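Structure below; questions to follow.
Labels run A, B, C, D and E following the written order; every chain starts at residue 1.
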Amino acid sequence: MSVDFWINVGVLAGIYGIFTLGLQLNAGFIGLLNFGQAGFMAIGAYAVGLLVVDFGWSLWLALLAGILLAVIGGLFVGISSLRLRSDHFAIATIAFAEIVRYVLQNAEFSGGNQGVLGYDEEWRTLSDWALAKLALIGLGDYTQLPLFIAVWLAFLVLLAVLIVLQGTPWGRVLRGIREDEDATAALGKNVFAYKLQSLAIAAALAAVAGFFVALNVTFLYPSVFDPTFTFFGYAMLVLGGFASYGGVVLGGILFWTLLEGTRLFDTALSAGQQASLRFIIVGFFLLLLSRLRPQGLLGNRAEMRVRP
Amino acid sequence: MSGEVLVTRDLVAGYVPQVDILNGVSIVVAEGEIVTVVGPNGAGKSTLLKALIGLVAPKGGSILLAGRPISGLPPSAIVRQGLGYVPQRENVFESMPIEENLEIGLKPRPGLGLRRRLDAMYALFPRLGERRRQVAGSLSGGERQMLAMARALMPEPKILLLDEPTAGLAPRFVDLMFEQVAAVNRSGVTILMVEQNAARALAMSHRGYVLDLGRNAHEGAGPALARDPKVADLYLGGLHG
Amino acid sequence: MAGSNEAGKADALQPHGAGTLRLSRPVLLLLVIVVLFAALVALYGFDATAQATVNGLVAGGYLGLGAIGLSLILGILKLVNFAHGDLLVAGAYFTILFGWLGLPLVVAMLFAMIATAALAVLTEKVVWQPLRQAGAGTLQLFLSAIGLALVLRFGIQFFAGSQVRTLGADIVSSITIGPIHLGTLQAVALVTGLVVMAVVGLALRFTGIGKEMRAFADNRALAEVSGINTRRIIDVTWAASGFLAALAGILYAVAIGSFNPNFGVTLLLSLFAATVLGGIGNAYGALIGGLVIGLSQEWSTLLLNARWKPAVGFALLILMLLLMPQGIFGKARRRS
Amino acid sequence: TATGPAAAASLDLTIGALLESTGPLSELGPPHEKATKLAVEAANKAAKDAGFDATVTLTSADSQGDPQAALSAARTLVDKNAACIVGPATTPESISVLNGITLQRKISLWPTATSTRLRTVKDGGTIFRTVPADDLQAKALVLAIEKHIGKGKNVAIAYRNEPYGDALSKGFTKNWEDEGGKVVATVVYDPQQASFDSEAGQVVASNADAYVVIDYPETYAKFGAALVRTGKFDAKKLFVPDAMAFAKVPDSIPGEAINGAYGVAAGAPTGTESVALFNKLWDEAGGVPNTSLTANIFDATILCFLSSVEAGSAEPGAITGKVRSVTQEGAPQFTIANLGDAVKAASAGKPIDYVGVSGAFRFMENGDPSSSPYDVFQYQDGKQVTIEQVQVQ
Amino acid sequence: MTAPAGPILEVRGAVKAFDGLLAVAGASFDVERGSITALIGPNGAGKTTMFDLLSGFGRPDAGTIRLAGRDIAGMAPYRIANLGLVRTFQLTRVLAGMSVMDNMLLAARNQPGEHLAALILSPGRSRAAEAAARESAIGLLATFGLAAKAGDYAGALSGGQRKLLEIARALMTGPSIVLLDEPMAGVNPTLGRDILDHIAALRSARGTTFLFVEHDMDVVMTRADKVIVMAQGRVIATGTPAGIRADPAVVEAYLGTPHAVAP
């Protein structure tokens, strides 16, 4: 039954959608090229795992702590690096995320190469309860459905909050900073404070995504928080449309459908070639889509055009 | 009568598909003339120059350079046919020193001899000569304006398109710039300029056009146009001395 | 304007004249390196320090050489070429292909560099030029670069497989200078890197095409109306970038000994780090940036377990950016 | 699909292979793919030889070296009716696949990951490993070094920074120190870095009596070359684990880096006849050269097939339940040389003991092999030559 | 603390150097509260650099700058702006990817909705402030001939329109002192006349102080109460327009041949 398969795609699209909302808030609305999102995600996820496993915290309390820690991470990165030029900031955030990943891989406290396991009991209990309820309407076989529902609930709520925020004067200041931070500062806006807020919120979103990754993978391991996922996030962002939260939803679904759906092709080729072909197809699609709709699915062509 | 070197007929152009900025502009520039285009902000004056130099693709009408159509050619090809252009904004290479800016300017006609042309420009704008290694991005507004002009003059163009050459210049340089324009013109260069310092520009022009909302609004001999009370009041900020 | 000439002289005498003792950043950097070297010698002895230094220069040489082409594209065409690592890979695999067709190794390498340059130009024609005409922004280009990187890398893997390959050079021979051992091929790679850096740097600075490239990088529209054939500039930039990428990829592949189609993507972040550290679009910067990263990583192995080496590189990158926000060779811009 | 245990029923078995086709371990993909293919061919041939109506098909998916992707890949295999899953190569991938899908469906999972961590997860008896876990191997390495270098000597360890090297290094250190030896250096390196010379320098600079390098051939090609370039490396002091076991030294590894070195790998009690046969099969098939862990993957695939025959069913849970019946101590032994006979016996519902290319299998409660004879081999002129066997528990 | 009655802006011995070049070399001057003061001088005299120092875009190497009695040298631009000093840029800086209206609304001061806490706690106040801001923005845009462009992206404005938007935007903040860097350069004279009228009206109505750099001598002579002349980083003269025009040093350094000045 490939319903399972598509539920899984939905879970991934949702998780990385939440992750990408943060990127959109940073890159799309205030012009911060945050390439360290995977690092914040790692902080959130590992905090959850370690607090539950090593300190016996409740999963839900650990989630809050994870978000808090990621926000602290965001503030730390922001305070130290926000005064850098935008391209330098981008590379500094990648560096930060990579340092986080190497620390997790090499330090004792994080389980190092052996990872963290066994923090998801509470979730499983909840999930089983939900499955029992779902069974009443004949959906009890889809074991990933509870996670799917949780992820998308969180995603849609966060999405709504961000969309509302963006329509406020607060959101307008962010866009002003994106366009020209000096000019915005000259109008009396504390650019640094806004950037910091934006980064902290993005880090919190990453932590929520990290929490769900932890539940989905059931095992925390540093490579799950590879910078590749930040790049994927940007791919989703651009596919959906620059400066569009709604675009993140579509971009996420499109990207993961493309990435996972291509697994379903069957050819007479060897497994190695088939796997290569899959990524070639993904690559071609990305090229084609950015050619056909440079502004992304929901992006604003005019807004993109006037950009220097 | 001298030939018409640059002619547009019912030129239509714009930046985005649905919106036309020029809605049929027709101008004639004859060889050896100074022609000035004035008009309100946003009338399409800069767009007209951009269309002539090839930065904006015309959607309708025609542009003739010495009788041959040039619409559709890339700017580098148009420049090599003897047109020079000073943009209104972003008119210097900010990361490069003054001297390299000028060197790039000579690109269409390297045969003229770099040293000779550089000396000529430094003689014209001594301020540039003093600062030849300063990167253009750190120059003051007026210094940039001088550099932009000098860059366009480097290859001794046959026709010069100037977009507000005196904006931001101190009075003595405004004088100098206008004198320079006149001198360049006397040496045989045809000039088409856009100016908000309109009264003075028109006074020295053979011919003037007023553009409004992307259309020809008035035209006539330069000084006469400047004296036309209707034109003066609507477009030139009232009558000047 | 005699007056301002005098003022110019007076300026130089002013005590506020921005400190005549202030050192330029590259000199400062060199000074720091020398001091650190001395400190390490004091702590760990000359032999170990010198060996780590040589190792660092070699590792940095690969990164710097690989980063030059990336830096050109980023600086001149304003394109985050995520596929650059895969151009390195293409260079190595073209060499295999030409070798398999029977060409001697050195000839195969040369052909491979040319082929990669052609490939880079082809990507311009097929991918980048249409996107530019459609008015795509930086992030749109970034997305396409991810797509192109996938197509290239897995295109190579599709035909060549993902198993490990070698170019069959002698990777164990080494030169011994006093207490220091240096692999012969490593030395070749390092020297090539230095030479290429100098050539590219000088070409950008002094040749006509180099100046045109910089003008283009600075202001595309103005470059066009100055009579620069921008198509040509773009093509030349791509060809140079592809050529340099292949050179770097081949040298790396030859010297490290074995590789598979992933080696480019694993180097990519370090290449970007080197590019940014040195100042985007600056050939010397790219190489110096690479060397700084390489040195710091290898020196760190004296102090810490080598497992921290990659993290040290990134930590240093952040530190240097904070201390020198303009990069080693970059310049500050006027804000008003 | 199969019905009941009736011997005559036809069997339509799909085996899923989770391969590292792309990603950081993609060099493992092609040889591992070939191993599964050879096994499926051997299985079909055996069924035919035995006159047993069975078709085995192989379906594979790309685990990308990433736990999340591995889970997605496993789902596609299950969608395509895979009744057991061979692979993946790493512990993180194995755990996410286990928890995400195979545990609920009682699908047997045959990872080549060697971490002891896999032993402690709750797998409901679905994980089987044809590779011995690191703790056994650590002991084998200790024995080999004691024999060829001596007891209580100084050892330097270098390993590739990932779960395999990490766990094996820890296990070895503990065992070696318990025996009175000393570990004078532990050097850890990232497989993808641009230079290994400093790390190699530290290994030789330790003046150890023996070196333990825990690596795969793909990275060792680079690390070994760096060792040789130090000018002070003696390959006779080098000991390597099973991931470095290969019949023929790959071209990418310089001879100076490996000839004379010792290694350990789980051995086969019946001698090396199966190994020779496997190598012959491999070479005849053409394609990628042989490398580490291919025999273990081959055996895992065969075991899945035999279990399915024994169960007379292609239902995942039934297969999982029969794995111990085809590796039963004391039952008649079969190898790939007489796989057809094994099929005959198994289809009759009799317990058998398949002795694989990588050795006999005694699965403990947790699905790991319990004890194992280890071959101690030496590389001589580019060939791996078994010089003795040690028994570890 | 109420501001003292003295000059709104006091600059003493301000110095700013770039790579050994003194752009501002010890300039001192005052700007009187409620005045319209022109800052003139040859190209490269340091006028824009002076504006940078006043508005926080550059930190003076030496000297003091007081705004309403308070030392603001080296203070962050946004804080200076919030003290009531707003500037425009010589090379225009519009927020290209935002609509003209949003450019204006962004400039509105005391908008509680710009702070997350206030936004959540009292959304009503934010909306009220927004409505008020929109109304004054519409008025200003009409004055500046941009009413029809309110919905367009600012990046699609012509060179002169950008200039106008910047001035309007600066006024939108309700400043006590506005620094205009060449407000008339590139602006159509007819429109320029209207804008100058508007500025004069604002000064009368609200007592707003204007300090502007301008090369158009007609404008300087007819509109400024007081003129400060800079050359080579120093203030070489201050006085009434008439007095300045008669100053031989000014004529030599700046005006050039006398005929350039319209009577």
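What we mean here is this: a residue touches a chain if its C-beta (ideal position, glycine included) is under 8 Å from a C-beta of that chain, and two chains touch if they have at least 3 such contacts.
None of these values were measured; they are calculated from a predicted model.
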Between the pairs A-C and B-C, the one where more C-beta pairs touch: A-C
From the centre of chain E, which other chain's Cα mean sits the farthest off? D
By CA centroid distance, what chain is farthest from chain B? D
Please work out the Cα centroid separation of chain B and chain E, and write it as a whole number of Å. 29
Separation of the C-alpha centres, chain A versus chain D, in whole Å, is 36
Counting only Cα atoms for the centres, state how far chain B is from chain D in Å. 76
What whole-Å value do you get for the distance between chain A and chain B if each is reduced to the mean of its CA atoms? 51
Residues within chain D bordering two or more other chains: 21-22, 24, 29-30, 161, 188
Mind pulling the residue numbers of chain B that touch at least two other chains? 127, 138
The positions of chain A in contact with two or more other chains are 106, 182, 272, 275-276, 278-279, 302, 305, 307
The chain E residues in contact with chain B across the complex are 18, 40-45, 47-48, 90-92, 145, 149, 156-161, 163-164, 181-182, 185-193, 215-218, 254-257, 260-263
Footprint of chain C on chain B - complex, ascending: 53-55, 74-76, 79-80, 85, 87, 90-96, 100, 103-105, 107-108, 126-127, 130, 135, 137-138, 151, 155
Spell out the part of chain C that touches chain B in their complex, as residue ranges. 1, 4-5, 8, 211-212, 214-215, 217-219, 221-231, 331, 333-334
Going by the contact rule at the top, pick out the chain A residues touching chain C in the complex. 27, 80-81, 83-85, 87-88, 91-92, 94-96, 98-99, 102-103, 106, 182, 227, 231, 234-235, 237-239, 242, 272-273, 275-280, 282-287, 289-291, 294-296, 304-305, 307
Contact set on chain D toward chain C in their complex: 21-24, 26-27, 29-31, 161, 186-190, 192-195, 197-199, 201-202, 205, 217-218, 221-222, 225-226, 228-231, 250-252, 254, 256-257, 288-289
